[in-house]
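So, here come the structures, one by one.
In the two assemblies presented below, chain A is common to both, partnered first by chain B and then by chain C.
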Partner chain A sequence: MELDIRNLTKTFGSTAALHGVDLKVASGELLALLGPSGSGKTTLLRCVAGLEIPSGGQILFGGEDASLKSVQERQIGFVFQHYALFKHLTIADNISYGLRVRPRRSRPSAAVIRDKVEELLSLIQLPGYGGRYPSQLSGGQRQRVALARALAVEPRVLLLDEPFGALDAKVRKELRLWLREFHDRTGHTTLFVTHDQEEALDLADRVVVMSEGRIEQEGSPEDIYDRPATPFVFDFIGESVRLDIRVDKGRPFVGQQEVSIPKLPPLLFDGPAKLYVRPEHVAFRRDGEGLWATVVSLHRSGSSRRIGFRADGTDVVIEALTPADREPPRIGDRAALEIRAAGLFSG
Partner chain B sequence: MSDSSVALAVSLEEEPAAGSVVARPPRRRLPTEEAPWVRRLLIALAVGFLALFLLLPLITVFMEAFRKGGGAFMEAFADPAALDAIILTLAVAVIAVPANLVFGIAAAWAIAKFEFRGKAFLVTLIDLPFSVSPVVAGLVYVLLYANHGLFGGLLQSAGIQIIFALPGIVLATIFVTFPFIARELIPLMEELGNTDEEAALTLGASGWRMFWTVTLPNVKWALLYGVLLCNARAMGEFGAVSVVSGHIRGYTNTMPLHIEILYNEYQFVAAFAVASLLAALALVTLGIKSWLEHRYASDLAAGHRH
Partner chain C sequence: MILNAPFVKPSVLPGFRLTIAFTILYLTAIVLLPLGALLFRASSLGVHEIVALALDGRTLSALKLSFVTSFAAAAFNVPFGLLIAWVLVRYDFPGRRFFDAIIDLPFALPTAVAGIALTALYAPKGWIGSVAGLFGLKIAFTPIGVFLALVFVGLPFIVRTVQPVLAEVDRELEEAAATLGAGRLRTIASVVLPVLSPAILTGFALAFARAVGEYGSVIFIAGNIPYVSEIAPLLIVIKLEEFDYAGATAVAAIMLLVSFGTLLLINLIQARARARYGHV
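Up next, the complex of A and B:
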């Protein structure tokens, strides 16, 4: 089932949570809504679910307008950050809840429900757990049960709100891999919200980066990481330093030195600009061509070492990342920097 | 017994001395721990106070009730007025408790699940019966519903008698016992939030279905706890009921009122016999309450206790 979100707005009182969001989700796609807290990603998800009423715009499920439909009519599966399992019901009763609350006419028989529960329990790799209660399960197991419960009603779209947010780092990674595999097997159109970029880039077919109720960029994880489209995405995704530079006759200058940056589109403006550079895109040599700078700091972090360089005649500090086993320069050493990739924005 | 324990203590004392010289570290108190004599004094004070003011009167009630033997005790209940009082008390509780169950759930739902103007005022209003004297509550109902009261003419022309009749007693009881269930549910429902309900809705449950299968099971122990306290108070209420009832023997006398009448007529055994029934009810309530607290502590609201 494909989703089409058109010019969706949502205001809470006088604060706007969504400013006209347009988004298309292809059938069977696994899409991540990524952004810091307050970016509107959860509001967007809850609007799709029908748990929030949008202030304007449309949401189409498979070409059919669902904006005015109730939560129940939308036939979505929703997974909450804190699982929201019914603690007074067994795992089997939790999973079958959505089937058992159907009106008598459309309710499957007890035998069909039982088979469905067994099938889902083995799908989430918890066979034989049907008789237990949620409190007897670990966090990761509970979230898998929550997923099975959402899938039992055969939803048209699966919506996950920070599904791994309440789990510890190790379980989170395991479950992430598991969900990717699970999605590849079952192929539900899936939207999931996260503030963890690693999770989004690792798991999703496509990532939508949001900030302050707007979509900043949408694209494949590679697009988002390698070709950030806006200063916000550069800041939010991965690591980068921001350099205040100047563009003169279409050429970028750091202090008095011109820097050459490959793959940069032609610069159609002059004046102050911001250059975003990732540490792994900075190389340094002791001689030759490049941006001349002085080593001002050295930090060891895990398997790599980060070296701070101050560009000659400026206060601008650029960081470079090198393997820790490589002989580091000393503070005060001079080097020529090569910037292999960067983003440049006017202003 | 005490000799052997002393011997044991001595032998233990001697053991380290056989090896190297071990200086026993001086026993030090935790900063938050009081000196032993302070502790003993506080415990003695609490126990003494409770014994004198709570336990002793309770025992006296039963002793007085049985002073002239079981026969005299039973005689008190042979009096048709006593039976009528018991039936009326039960009838009032049977009406007032379910009414407060519905009102309490509705109020708790409104306060815990929605944001609206005047919410703080509503919470304060729910607490009003706790802070106002029951006699005042009774008088207000008389002022409103008695024949000379605000709605008196209207009610009289419709042939409805409220004051000095069952409806008045029920109204006064509902007023006095209103906070018990609502107060028990509000903190719990606020803590639980909306997520379970939202989960039920996304799974296709109707609002009604969601309430019965998710909301109610989540709060059932707190609800039972509230009902229990509400019932105990409904059966024992004196002040408000006394004002609106008119003390018509065999007609508008509840158990507490009946006890007072018997006492004023110097029928001590009968008075204490009926009183012992109320006291027994209190003990049963206390027992179930303790069991609920022990068994379902985590399911009951954390914040608020009576």
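Up next, the complex of A and C:
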């Protein structure tokens, strides 16, 4: 079921949480809504679910307007960060809840429900757990039960709100891989909200980066990481340093030195600008062409080493990342920097 | 030594011996001693005499009136107390604090004041009593009057025990039920009420216990007609006034046993529910 969100707005009192968001989700796609807290990603998800009423705009499920439908009518599956399992019901009763609350004429028979529960329990790799209570399960198991409960009603769209947010790092990673593999097998159209970029880039077919109620950029994980479209995305995704530079006659200058940056679109403005550079895109040599700088800091972290350079005639510090086993320079050494890729924005 | 028992977990705030000693002392002095004296007093009567007294028609009908109306009043208060707690917790409306404060009035009011007020209202010449009289319904000086007085004094117990628990109910549970297709009533019945049930039971037990022992607010409106609207606590007072101390303590002992049995049963139900769902 494809999803089409058109010019969606939502205001809480006098503060706007969403400013006219447009988003299309293809059928069977696994899409991540990524952003810091307060970016409106959860509000967007809850609007799609029908748990929030939008202030304006439309939400289409498979071409049909669902904006005015109630939560119950939308046939979505929603998974909450804190599982929201019914703790007075067994695992089996939790999973079958959505089937058992149906009106009598569309309710499956007890035998069909039992089979469905068994099928889902083996799908989430918890066969034989049907008789237990949620309090007897670990966090990762509970979240899988919550997913099975959402899937039992055969939802048209699966919505996950920070599904791994309450789990510890190891379980998070395992469950993430499991969900990717699970999605490949079942193919539900899935929207999931996260503030964890690693999770979004690792898991999703497509990532939508949000900030302050607007979409900053949408694209494949590679697009988002390799070609951030705005300063916000550069800042938010991955590691980068921001350099205050100057553009003169279409050429970028750091202090008095011109820097050459490959793959940069032609610069159509002059004046101050911001250059975003990722540490892994900075190489250094002891001689030759490049941006001359002095080593000012050395820092070993795990398998790599981070070296800080101050560009000549400026206060700008650029970091480079090298393997830890490579012979490091000493503080005060001179080097020529080569910037292999960077983003440049005026202002 | 028994107080170094293995069931005491090490804690940064030790003090088991001191606190348990004080607890036992306090409960003994305040609760067990008077009740023991009562039972001792009652035991000076022979078993035969107690049974004879319990089976006496007037005692039986007084006990029956007390327990049945108390149970009915507490049960009647459950749905309405729940509704009031819901409104006070879930909605923010002008005057909410005022209504919230009013809930405690039946609790704080001297019971005699409540009794006089209720009688003035429901007596055959009172505002409501005269209207009800037109339909041939007599409220004051009948079991209905007793019931109304007990509903009045019991209400705060239900509201005040349910309120804090309801405020803590995770809204996500309701949202989860709604996304799974459950309608509003279904969600309340299958998701909210099970979470509230221990609090409801506690509130019910407190309201029931208070109603069984209620005296001041009931005696005016009850009219105290033997076999019709005479409650057990009043019967005790009457026996005392007739210097029938043994009879009074016997009735008291019977009330004590029935009340204790009821509260024990309610506690057992709660313990079973807790063991099943666990604290998550």
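Structure notes:
We adopt the following convention: the second predicted complex is superposed on the first by the 347 of 347 C-alpha atoms of A that agree within 3 Å, B and C clash if a C-alpha of one lies under 4 Å from a C-alpha of the other, contacts with A are read in each partner's own complex, and residues count from 1 in each chain.
One rule holds in what follows: a residue touches a chain if its C-beta (ideal position, glycine included) is under 8 Å from a C-beta of that chain, and two chains touch if they have at least 3 such contacts.
Since this is a predicted model, take the numbers as computed values, not measurements.
After superposition onto chain A, the modelled positions of chain B and chain C overlap sterically. In the superposed model, A:221 makes contact with neither chain B nor chain C.
In the superposition on chain A, contact of A:308 is made with neither chain B nor chain C.
With both structures placed on the common chain, the touch criterion links A:153 to chain B and to chain C. Residue contacts after overlaying the shared chain place A:255 against neither chain B nor chain C. By the touch criterion defined above, A:77 lies against chain B and chain C together after alignment on the C-alpha atoms of chain A. When the two structures are aligned on the shared chain, A:35 is found in touch with neither chain B nor chain C.
When the two complexes are overlaid on their common chain A, residue A:133 makes contact with chain C while staying clear of chain B. Put simply, more of the residues of chain A are touched by C, taking chain B and chain C as the two choices.
With both structures placed on the common chain, the touch criterion links A:213 to neither chain B nor chain C. In the superposition on chain A, contact is made by A:86 with both chain B and chain C. After superposition on chain A, the stretch of chain B whose C-alpha atoms clash with chain C is 129-137, while the remaining options among 3-11, 21-29 or 129-137 stay clear. Within chain A, the residues touched by chain B in the first complex and by chain C in the second are 49, 51, 71-72, 75-78, 80, 82, 84-88, 97-98, 101-102, 149-150, 152-153. Of all the residues in chain A, the ones that touch chain B in their complex are 49, 51, 71-72, 75-78, 80, 82, 84-88, 97-98, 101-102, 149-150, 152-153. Put simply, chain A touches chain C in their complex at residues 49-51, 71-72, 75-78, 80, 82, 84-88, 97-98, 101-102, 133-136, 146, 149-150, 152-153. Only residues 195-196, 198-206, 209, 213-214, 217-218 of chain B touch chain A when the two sit together in their complex.
Per the touch definition, chain C reaches chain A in the complex via residues 170, 172-173, 175-183, 186, 190-191, 194-195, 276-280.
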